[in-house]
Amino acid sequence: MKKRRSIKSAAVLLVAALVCLFSVFALAACGDPDGGETFETVPVLQDTRGTEAETATFTTLNGDSVTYNKNTRRIVALSGAGDLAAFGIRPLAVMADQATMSAYPGFFDGVDTLSYTQPFNVEEIATYEPELILVYQLMDDSQISRLEAIAPVIPLYRESFDFRQRLGYIGDIFGLEENAETLINYAEGIQAEAADRVEAMGLEGKTVSVFYYAEGISIPPGDSWYFNKIIYDYLGMKRTEAAEEFLANSQNNPFTPISNESVRNFEGDVVIYVDLYSINGQPSMSEALMANPGWQSLKAYQEDRIGLLDAMLYAEKDVLYLAAQYNGLIEAFEKAV
Amino acid sequence: MNSIVKKRLSPLRKGVYVNAALLFLLIAVFLVGCNVGQYRMSVGEVISTLFGGGTDLGRVILFEERLPRICLAVMVGLGMGMSGVVMQDLLHNDLASPGTLGVSAGSGLFVTLYVALIQGNGSSAVLMPILALFGGLLSAGLIFLFGTRRKQRLQPTRLIMTGVAMSSAYGAVSTFLMLIIDESRLEFLQRWQSGELWGTEWEYIVVFAVWLLLFGVMTYRQGRVLNVINVGYDVARGLGVNVGRQFLYLSVCAVALASASVAFGGNFFFLGLIGPHIARRLVGTDARVLMPASGIIAGIIVMLADMLVQGLEFLANIPAGIVVSVLSVPYFLYLLMRS
Amino acid sequence: MERIDGQRKKFGNTKKFTVFMAVGAAALVAMMFLFMRFGAENVSSADVWNALFAFDGDNFNHIVVRDMRLPRLLADIMVGVSLALAGAVMQGNTKNPMADSGIMGISSGSIFAIVLVMTFLPGVSRLERIAFSCAGAAVATLLIYAVALMGRRGITAERMVLSGMAISTLFNSVTSAVVLKDGTSALMLKYTAGSSANTIWPDVYIAAPFFVAGLVVALMISRSLTVMNLGDDVSKGLGANTKLIKLLCTVVVLVLSAIAVIIIGPVSYVGLMVPHIVRYFVGTDYRLILPSCAVLGAVLVVFVDFLARVLIAPLEFPVGILITIIGVPFFIFISRRQKSDAFSG
């Protein structure tokens, strides 16, 4: 009897141990298969405006005074699609990349994309009979006046990297200050978290070389590639001196090729490759690049620690894409360390 | 004697009739063009809007979008078509045109330089055509300088070959400039070089129209002289024409017409060549009827190309000049093969 | 007239040919050495020697010489020889002093194909891209020859140049349409600038057999080209199979231009300049012209690419543009020197 009981308790113990072991495994698996934690995605906000027309006057970033219906749903946006979607606003039509939009189901329900995008077709916009047209910051006055003939036009802060300025402004336009505050906090939270994680990885103050390849290895210039802004401004990493010199010499022109012989002089502590042709959002190094002797001369290549980024993901800086952008960067850093 | 006069007169009269028919066709295409666009308006709405009725939005679409663009298309065609006739007659060569002689490339280079180096926000309506004219004249002068030899007869073929070489040189310089400018200007230049009707604001169109009228009349007045020169320089000299002076005068007019078209309408490469060719088959060689016919035909071609781009969403973002090229190059090759 | 001239001068031309080849070969060797020695990285003469004959994989200078400069040098030589020969054969075949694979629009066909591939099938392999590029070049070449040879009574020089211009305009237009619709102007502009900077050994291996074949066939038909240039009647009288030769010429031009386009991209004027300079020295016999063209073409492209590498090092200057900038004044100079009847075809 005693023996049987002991066998029984042993079996229970064994089962318990197995369950424990299994749940530990399961917990580990739940955390993240890659080891790192992903950034929290943008909060889903509602467009809480009233439905009745409410005439308002707004002073735009150009100093113009625009009178419009603050509660209108008839919006065409030539800019800022991702920011507006995060606010919960669903314009009639936007100018944005369709592939990017389809990666955010729910955020662009019922939103059309414009076909004529260079720079725009007044007639196409007019077919939506908009009550408000949102445009980019640097649009010519002459272009704006063409659009003003159809509906009130408000330019958005597209050049601004300051979320408080950019999102706060959109909040002011629509009276959605609460949403703006939520999004600003979210964006700043992500930036802070990313900075912490970079610090935890011991990357703060390290030099990072970012390369891309278009018939020649080159360094992507300027802030219009948002990863540059994130890496070198927000996360406090540095370019190599050679890279700074290169950017000055090439006057920030895109795709100026570096001699293959000198590529390795540009190598920093961390090497990131930005893929301009990534397929289905999966960046990879092209066959031509891998065969390039200049690329092969990089230590990071030899030690297989080149982080990969999908260029398309960083063409815009809307708050909607922020989590994906930082996820991509952190993943690239993890590979590159 | 009488019969000779009759024979001489009849092609001219026929030419006048054909021109009248072409003008009707132009107006017809123009009216169809008023009905083509992404914004749906019925024919009735368009007509009532044209005569002052219609909705506010309809008026904006028609008067601020469609009409200026169509007018620009017609004027670009007129300028290039007439300029092509003058160049072909002056050089006795049906392959001469603003495009093949490198004049439009020269204008193009100056526009490129302007956009790349000078232009800020808000460009001037007058500066660009003037620069284009300057570039065109300079380029014509250079081509003349390199393409002729002292104490030798003028060789049109040599001029054309020099023109081809010079345009490829301008092309290289343009490409180089395009490699060193930022992307938004690059887009503009690339669209412009492919032939986009971009100067669609009434102020541009007024400047262009005045320019076109001025040089058009100046050219047209010399139609007889052009006819005589086309027969032969010696014949013209024998008839008391000051060939050197008229040649210079007509060249400047032709370059002025072409350059303004290039500046406002972009680079429509084969337009100045195709227009005169089709026109010659319809009205014969008399410059007095050939010039308007060529201009009208070129205008119709540009309008049709623009209508395709505006009407078909499939062609969105494609400059009208590309449509013109794709349509006209096979015809041009066909001409080359059978001549 | 020319034939009598040619025979009377034959001895003198052969002598000039020998001198030309000797000087050309010496210049080529000198350029090759300069090319291997100088560049973005500082490599000593001893390193160059050792890299070639006592290679050490751990020495980066050796890698620079053997895996970066040498394949690029060979590529430049192949491109120079190919373009110059293609130009000379084209000029002989079509009796057109203005023929040049770049001006005639062959490269525009290949760029069109590459841009299509990069836009719609970004994942294709290197080999597939080369194949597409060749196909594009082939279509353009066939078009050009169709226009040139199917015309009613042959075609004059200017008409051929204009047909080339028209064909390249057509291809460039469609290319711009694709690029502008896709919004990738700056990226695609790279393909139109032309550079051999990223040549690697496999490229050389792929191109070499075709290059050698094209070179051999070109040299083989050189006699027939000379005969053909005496006029169709004379060549028929001499029993030459004009059609076969024309076909061979077309294939040679296609293969050689395609090689150049694959390696370096669109480069105009080499095929135009080199045969003109060579003719000035060695006369009208294609048996002398073709080898001289090969040497001079190689020297020219190697020299220009050398400049492209060192002018703004460690940045690269686009070779195609550099050659055009050198080529155009030269072209105008040459066209002014031409006898007037050379233009009438």
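To keep things simple, chains are lettered A, B and C as they appear, and every chain counts its residues starting from 1.
Rule of thumb we're sticking to: contacts are C-beta pairs under 8 Å (C-beta built on N, C-alpha and C of every residue); 3 or more make two chains touch, one makes a residue touch a chain.
Just so it is clear, the model here is predicted, and its values are computed rather than measured.
A.B. asks: Taking a step as a move to a touching chain, how many steps at least join chain A to chain C?
C.D. replies: 1
A.B. asks: What pair of chains is linked by the largest number of C-beta pairs in contact?
C.D. replies: Most contacting pair of chains: B-C.
A.B. asks: Taking each chain's centre as the mean of its CA atoms, how far is chain A from chain B in angstrom?
C.D. replies: 46
A.B. asks: Round to the nearest whole Å and give the separation of the Cα centres of chain B and chain C.
C.D. replies: 35
A.B. asks: If a residue has to touch 2 or more other chains to count, which residues of chain A qualify?
C.D. replies: 117-118, 254
A.B. asks: Hey, what residues on chain C touch two or more of the other chains?
C.D. replies: 180, 183, 186, 189, 193
A.B. asks: Would you please write down the residue numbers of chain B that are in contact with two or more other chains?
C.D. replies: Touching at least two other chains: 179, 183, 187, 191, 316-317.
A.B. asks: Can you list the chain B residues touching chain C in their complex?
C.D. replies: 95, 100, 146-147, 149, 152, 155, 157-158, 160-162, 164-166, 168-169, 171-173, 175-176, 178-179, 183, 186-187, 190-191, 193-194, 269-270, 316-319, 321-322, 325-326, 329-330, 332-333, 336-339
A.B. asks: Can you list the residues on chain B that touch chain A in the complex?
C.D. replies: Interface residues on the chain B side: 37-40, 57, 60-61, 64-66, 121-122, 179-183, 187, 191, 201, 310, 313, 316-317.
A.B. asks: Can you check the complex and tell me which residues of chain C touch chain A?
C.D. replies: For chain C paired with chain A, touching residues are 39-41, 60, 63-64, 67-69, 118, 122-123, 125-126, 180, 183, 186-187, 189-191, 193, 195, 197-198, 200, 202, 309, 312-316.
A.B. asks: If we count contacts the way the header does, which residues on chain A are in touch with chain B in the complex?
C.D. replies: Those in contact with chain B are residues 115-118, 121-124, 126-127, 129, 138, 140-142, 146, 149-150, 251-254.
A.B. asks: For chain C, which residues are in contact with chain B within the complex?
C.D. replies: 98, 103, 143, 147, 150-152, 155-159, 161-163, 165-167, 169-170, 173-174, 176-177, 179-181, 183, 185-186, 189, 192-193, 268-269, 318, 320-321, 324-325, 328-329, 331-332, 335-336, 338, 340, 343-344
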